[in-house]
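Labels run A, B and C following the written order; every chain starts at residue 1.
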Amino acid sequence: MTEAACRVSGLSVVYRTDAVLVDVDLTVPVGAVMGVVGPNGAGKSTLVKAMLGLVRPLTGTVEFFGRSLGEVRARVGYVPQSSAIEADFPITVHDAVLTGTYGELGWWGRPRRAEHHRADQALDRVGLVELGRRPIGELSGGQRQRVLLARALVQDPALFVLDEPFQGVDAHSQRAIADVLEELRSDGRTVLAVHHDLATVQEHCDHVTLLNRHVIASGPRAEVFTRDAVRTTYGAATSDEFGGLPA
Amino acid sequence: MTVLDLFTDHTYRTVIAGTSLVGLVAGAWGVFAYLRKQSLISDVVAHAALPGTLVAFLVAVGLGLDGRAMPALVVGAVVSGVLAVAATHAIIRCSRVRADAAMAVVLTTFFGAGMLLLRHITDGPYPGKGGIQGYLFGDASTLTLADLRAILVVCGAALLVLVLCFKEISHRAFDAEHSAIGGRDGRLVDAVTFATIAVATVIGIKAVGLVLMVAFVITPPAAARQWTRSVRSMTVLSATFGAMSSGIGAALSIVWALPTGPVVVLVLFVILVVSLVAAPRRSIVVRALARRRARRALRESLVAA
Amino acid sequence: MSFVVGAGLLAVVTAVACALPGMFVVLRRDSMLVDAMSHAVLPGIVVGYLITHDLRSPVLVIGAAVAGLLVVLGSEHLARTGLLTGDAPQGLVFPALFSIGVVLVSTRATNVHLDTHAVLVGDLNLAAFEHLSVSGVSIGPRYLYVMLAVLLLVVVFLAATWPRLVASTFDAPHATLLGLRAPTLGTALMFLVAVTVTAGFHAAGAVLVVALVVVPGATALLLARSVSGMLVWTVVVAVAGAVAGFVVAYLTDAPTSAAMAVLYGAVFAVVLAVVRGRGRRQGGARGRLRALVATGHD
C-alpha cells in the first residue's frame, strides 16, 4: 500500500448517548481527492472534527502521514463551512488569510513581509486579491468561503480537509473553489472533502467514502460508488435518483 | 420568637407575603425572558430602574408628595426599565454590537446616571431622602401595608396580562417567524412581553434590592425547565418555585436576622442545584450514567465484532 | 503631585487597563460575564479578609480574582450541561456568590469598614486619597502605582499573545488546529479580566467597572474594520471618556466612576448615531455590491 496522507482506524464518537460514528476505518492515499458523502445526520462533519481533534472520540486513532496530528499540524489545512465564522468580526480579508501563517510563527514571531506576500498570493489564487483590505462582513457567503480556502492555502499544507465547501455558495464562487481544488489535485496535494451532493462527488472526486454512522464503502470512486452502496447509505427511498450509477 | 410569630406578627406577615408575591410574579414572567434567551435583560431592567425611581422621587417631592411611596417608585422604575429594554433592543437591531455588550452598555449608563442622581439627592435638602440608598439592596422589613397593597395590585395586573396574552407570547417565544406569519404584530407582542418583564422585575426592588432581582427572574425558570415539558407547566412551576423560595427565604431571614434578598437567592440556588441533579429526565447524574452506559455498550459491541 | 492630577491620572490608567482586555471580551460576546465577575469579587474579598484580617492584604485581590474566574468557569460548565438555554447560565452563579458575600459581611465582618454600598459604587477619590511620597515629595496616589502595574501586566499579555489572541477570537477551532491553544488562551484572558476588574473595582465599584471594561470596546466595534483598528479606537474612547468623566465629576462634585459611565454611554450613543447616519448614506448593501463588482462577479 502507498503512503497514506490520512489513516483513520476504529474511530467512534458518542455525543451524549448517541453513537454518531461507529468504528470508522478510512484511508486517504497521498494525492487522492476523497469525497465523503452521506445523508443528513450521517456524522460527516463530526468525522472531520474528530479527525482534527476538535471533538474527542470514544475510541480509535487518526494518523496523518504516519504521525499524530500534533507532530504534523503544518501539513494539514482545514477549511470550515463559511457559516462557522463570525461575519461581523472586525477583520480584513487579508488579515483573516494571514492567520493561516500563525501556526508557524511561535510565541514571539510576528508576520513579516514574506507572510503578507504569501497571503496576497493565496488571495490571488481564489480570485479575491482586490478585496484584501475589505472587512469580511462586506463579502458574500461564497466569497467568505473562498477566504477560508485561501487561509488554508497560505499554510501550504500537503493535505486539505474541507467541510462542505460548496454549501450555500454562489455559482461564481463554486467555480473558483472547484478550480483551486483542481489545481491542488494536479499539484499532487491530497484533498478530503465532505459533500452533501452526490453529483459533486461524481464531478470532482477520484476517491469516495460513503458514510452513514459507519463506513458503507471507501476507496477509488469506480469501485465503491455503486447503486447498491448508495442505496444502502441513503436508504431505498432515494435510490431512483441515482439511476445513472453502475449497479 | 416562635415559628408561630412568623404568621401572627403583623410585620413578619407583611414581609413574607410581599416577598412571596414578588417571587411569584418574577418567576412566572421570568419564563418568557428565559425562553427568549434574554434572561439577563432582567439585570439590565433592575439596574436601569434606579434613575427612574430617583427621578420619580424628585418629582413626587417637588409636588409635595411622599417620594418613597410605592406607586411613584413603580411608575418611575417601569418607565426607565422599559426605556432601557428599548435601548438595548435598538442597539442590537441597528449595529453589529451583540446582545451581551448592548446590555452591558445600557445597564452601566443607566446605573451611572442613577448614582449621579443618588449623590444629588443625598447631598440635597430633600425630605424623606433617608433610606433611599436602600433600593440597592432592598429591605423587606420596611414594607408597609400600603406597599403590600401596591405590590398586590401590580402583581395582579402582571398575572392578568400573562393569562390574557399567554397564547401569543408563548407562540412568539417558540417560533417568532411562524407567529409573524400568523398575522401577529411581533413588535407589539415583544413590547408587551418585555414591558411586563420590566414591571415584574422592578416590583421587587424595595423588598430585595435591584442588585439581586436578576436571580428572582432567572433562577425559577431555569429550575422549572428541568421538570417540565410544556410552557404552561413550566410557567406554573416557575411561579411556584419563586413564591415558595421567597416565602421560605423571607422567613429564614427573619429567624436568622439576615437581609432578605440574599437569603432568598440562596434558597433559589439550592432549588436550582436540586433540579439539575435530581429532575428525573434531565438530571445531570442520570444523564452521566446513561452516557457511560452508552459508551460502554458501544465499546463492548466493537470488541465483540 | 497635586490631588486632582493624581486622581485624574488614576482614572485614565484604570480606564485603559480595563478597556484593553475588554475589547476581546466584547468580541467573545462575554460582556455580561464581566458583570457576573465583578459581583463575585465581593465574596472573594470577604473570604480573603476573614483569612488575613487585613483589608490591604494582596490575598484579597487574589481571592477576588479567583472568585471572578470561578463565576466564568461555573457559567461555562452550566452552559455545557446543555440543560439551560440562552444567557441564563451567566445569571445563575453570580447572585448566589454575591449573596454569600452579603451574608458573610452581615454576620462575620460587621465591625469592618467594608461597606456594601462602596463595593457597588466604588470611590475613585478615596482610592486616590493615600499618596506615596519620596523624600517628602508626593509622587502620586499609591493606588495609581497598583493600577500602573496592572496596566503593564495587560500590555505585556497582549503584546505577547496578540497574533494568537486575534486568531483564537476570530476562529477558535481553526486556531486550535494550528496548535495555538485557543481554550487555554481564553481562560488566561478571562483571568486577566478578573484581575483588572478586581483592581479596577476599588476605584469604580462592582457595577461601573463593567462600563470601563465593555463600553470602549463596544464603541470601537462600531468603528473598526480590523482588530488593530479596534485597539486604537478602544484606547481613544477609554482615555477621552475617562478625562471627560473626571472633569465633569470634578466640576460638579459628582462621583467620578458614575460620571465616567454616563459619559461612556453618551460617547457610545453619539458614535452609534454617526455610524448609522453614515451607513444610511453609503448603504451596507452598496458596500457588498462594490465587493461583487470588484471581483467581476456575475
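Convention: a contact is a pair of C-beta atoms (placed from the backbone, for glycine too) under 8 Å apart; a residue touches a chain by one contact, two chains touch by 3 or more.
Bear in mind that the values here come from a model prediction, so they are computed numbers and not experimental data.
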### Summary
Maximum distance between Cα centroids and chain C occurs for chain A
### Query
Closest chain to the protein CA centroid?
C
### Query
Between chain A and chain C, what is the separation of their C-alpha centroids in Å?
39
### Message
Please tell me the distance, in whole Å, between the geometric centres of chain A and chain B computed from their C-alpha atoms.
### Response
47
### Task
Take the average of all CA coordinates in chain B, do the same for chain C, and state the distance between these two points in whole angstrom.
25
### Message
Touching at least two other chains at once: which residues of chain A meet that condition?
### Response
16
### Query
Which chain B residues sit where two or more other chains touch them?
96, 98
### Task
Give me the residues of chain C that touch two or more other chains.
221
### Query
Where on chain C is chain B touching in the complex?
26, 29-35, 39, 81, 83-88, 90-92, 95-96, 98-100, 102-103, 106-107, 116-117, 120-121, 207-208, 210-211, 214-215, 217-218, 221-222, 253-255, 257-262, 264-266, 268, 272, 275-276
#### Entry: Contact set on chain B toward chain C in their complex
34-40, 42-43, 47, 91, 94-116, 119-120, 123, 133, 136-137, 211-212, 214-215, 218-219, 221-222, 225-226, 258-259, 261-263, 265-266, 268-269, 272, 276, 282, 284
### Residues on chain A engaged by chain B in the complex (per definition of touch)
10, 12, 14, 16-19, 22-23, 58-59, 88, 137
### chain B to chain A touching residues, read off their complex
96, 98, 287, 290-291, 293-295, 298-299, 302, 305
#### Entry: Residue numbers on chain A that touch chain C, as the complex places them
16, 49, 52-54, 70, 73, 76, 78, 80, 84-86, 89-92, 95-96, 99-100, 102-103, 105, 107-111, 127-128, 130-131, 134-135, 138-140, 143, 151, 155, 170-172
